[in-house]
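The letters A, B and C name the chains in turn, as written, and every chain counts its residues from 1.
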């Protein structure tokens, strides 16, 4: 403890540390019955940190060429000391992060934290969600196993169906007309450089906005607080709330370790581009609901290609979702019900379609 | 709210908490850092073995001798002719996958399963094998015999 | 004739003649009036343009006249005149000699394909077909029955009746026809049996052109069953090791002196199915006890060898199972899997050494295989204990995490309870 005080005063004398950390020290978090949802953002950030660190470690041994990618992952899993741990944690944390990101988004939606003045926080958050999905899609290919190869093939093919720009987009993604080693290199560059850069930038913006506007109160709590303010008490962020966050992070670490040791991420078989696609090819769970929807759509709807309709619908839904705060408008009550309705529908649809996708094989 | 606990208990309690927290954090951090440090140090076998492998040491093979070793996920055959030339080919027979062997008496590579023969460069010479054996590049690096896949067109 | 006065008839004949002359002009080098008429006829006289262009002889510049005589440049029946040397349909008994006139002439064949053999006719004369033909039996196969005649393709053409994959079918046209073969007193179930064999499966299922078909063992032009003593020699062309082992075994002398056909005694000639270890057993598939008596030396040796094979097979399967468990727990055991291939090689080798019928020799291979399988089993066990080590390590880490969590919880409570810090 003495050392910490010593270091602190050293830094303070040069950088006015006290002034810098002032806003953070004053930051408070409202405590009410729905406060637990406030943890989700922090957990997602923590998992992102895990991804960056395990990713960096994996970078020391991974080789992004079609010839060596699979073997390098095999090498990490079998020869590198604790390579199995790092790799399994990276794969599991990726899934966990996407899950908590979705949960965070839905909780913000249902707790109506996107309302004025937090519209841009929502927008930056949605972009972050898309980036996180991009991480998932690009990272999935990197072990270059059969499942990954064909999942990427199908995924990029669907992108190619987008009207007008679809084919160009697909070629850009694949680095060519087909999924090849060029695709792998491209996805690798995106996964370890492009997306991390963008994500870091957006995280800074997102956190700055959160810091600026503080934590929002859910409408129900807000109303109650107007009547009896004692319902809501403020907890200091430093150290109280942060300590609780750290507890949550520790739990996450424990879960990750357990997953790595009990359910290690599989290696699969090396992909053979000229081989037949194995039966039951499907994307990872976070894309399953879209995939299953596309499979269910009839081949033609009012003369238009069914798959196209599906893609456009999802595109439209995505756009609407990003612009949600603006669409709610001023009629808060009415708009709120609409948004909540849409949120419930979306959540149910995603969950149902995901489950259906897994059961219908 | 602020109930004064009796003085003697609180410092002990505080000490316990400090120990638990400090000790726990320290131990858990060590349990995170230790694997990472081990991870960073390169394993005994520095390479993957798919494109390049050390098949043996110079002097290990006698003239007109051979050995089968692992290259990637398949066996490969390294042989040394009486004149001192190294050859290396895949040891998986192209007929039905048996492991071939070098026959010093026939000066050919032979498959015991159905009497298929290959030349030292892997070319299928007689018997059932429909295709040559894949040939690999042999280089001597110091005292090591290094096998690599042939590159180029 | 009155018809000649008819301008229509004249016109028609002139037109026909003009057409003939014109088409003759087009096919000046290989003028073939034979084909023009015969393509319009019904079988058996029919030879179509489509057929003949596939024919290798036609492609090399030969014409109908090369075999049948006559003059292909002449229109109408002049082409088939005695004066032009027309021989008409060739008698079956004359066909081999006719083909042999060119195909047996080394100097002539060198002009076309120096690599082609020129002993087909002399070989044919040694064959069962040739000998019977010489005695006047025209039911037997002659050249055209197997090779085709007017659309004769080279052997390497996959549509040829004597392309390796098609040979068995071609032979079976006669040899599986019970009515046709009645007078010869030989079985007609060879093709049916061969179709159930391993060799047939290799050909048809795997497209392995090197797999044996009828002609591989019986010869093609000199087709005759291999003599009882030479069966082993024929099989040993591919199955070298088995033959070497058999030479070391007591069976060789015994079978030879008893006039038994070597390999065929246990493996059959046409219906060569995939052998299993049960052949060494005492069940319905067992072959040994068909001659040997229970309890004698050979029965003991048999049981010994069977026990060895079974032991090795089990050992390999056990190791495979354990490695599978390790793999599904997420452990990587590809090295051991590779070694398992070597263990399986030992088992294969042991099954070959069986043919020496000497347990000590078989045992050598069994022991080598057992050693490898044991190592792999150990590798599987090591993988599982590594897995357990990881889980224990995790347990330790989880303990630390739990302690930290408790510490955090208590610390939070502590700082929030104390008014100075709350």
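Annotations for the structure displayed:
Following the convention adopted for this analysis, contacts are C-beta pairs under 8 Å (C-beta built on N, C-alpha and C of every residue); 3 or more make two chains touch, one makes a residue touch a chain.
These figures come from a predicted structure and were not determined experimentally.
Contact tally for B-C versus A-B: the pair with more C-beta pairs in contact is B-C.
Closest chain to the protein centre (all Cα atoms averaged), using per-chain Cα means: B. Centroids of chain A and chain C (each the mean of its C-alpha atoms) stand 58 Å apart. With centres set at the average Cα position, the gap from chain A to chain B is 37 Å. Multi-chain contact residues, meaning those touching two or more other chains, occur in chain A at positions 74, 85, 250, 253.
For chain C, residues touching at least two other chains, in rising order: 334, 397, 401-402, 404-405, 408, 411.
Counting partner chains per residue, chain B has residues 28, 32 touching two or more of them.
Chain B meets chain A in the complex at residues 28, 32, 35-36, 38-41, 43-45, 48-51, 72.
Taken together, the chain C residues at the contact with chain A in this complex read 329-330, 332, 334, 390-391, 393-394, 397-398, 401-402, 404-405, 408-409, 411-412, 415-416. Contact residues on chain A toward chain C in their complex (touch as defined above): 74, 77-78, 84-85, 88, 239-240, 243-244, 246-247, 250-251, 253-254, 257-258, 260-267.
Against chain B, in their complex, chain C makes its touches with residues 208-211, 237-241, 334-335, 338, 341-342, 345, 348-349, 352, 396-397, 400-408, 410-411, 414, 417-419, 422.
Across the complex, chain C is touched by residues 1-2, 13-14, 16-17, 19-25, 27-28, 30-32, 70, 73-75, 95, 98-99, 112-115, 127-130 of chain B.
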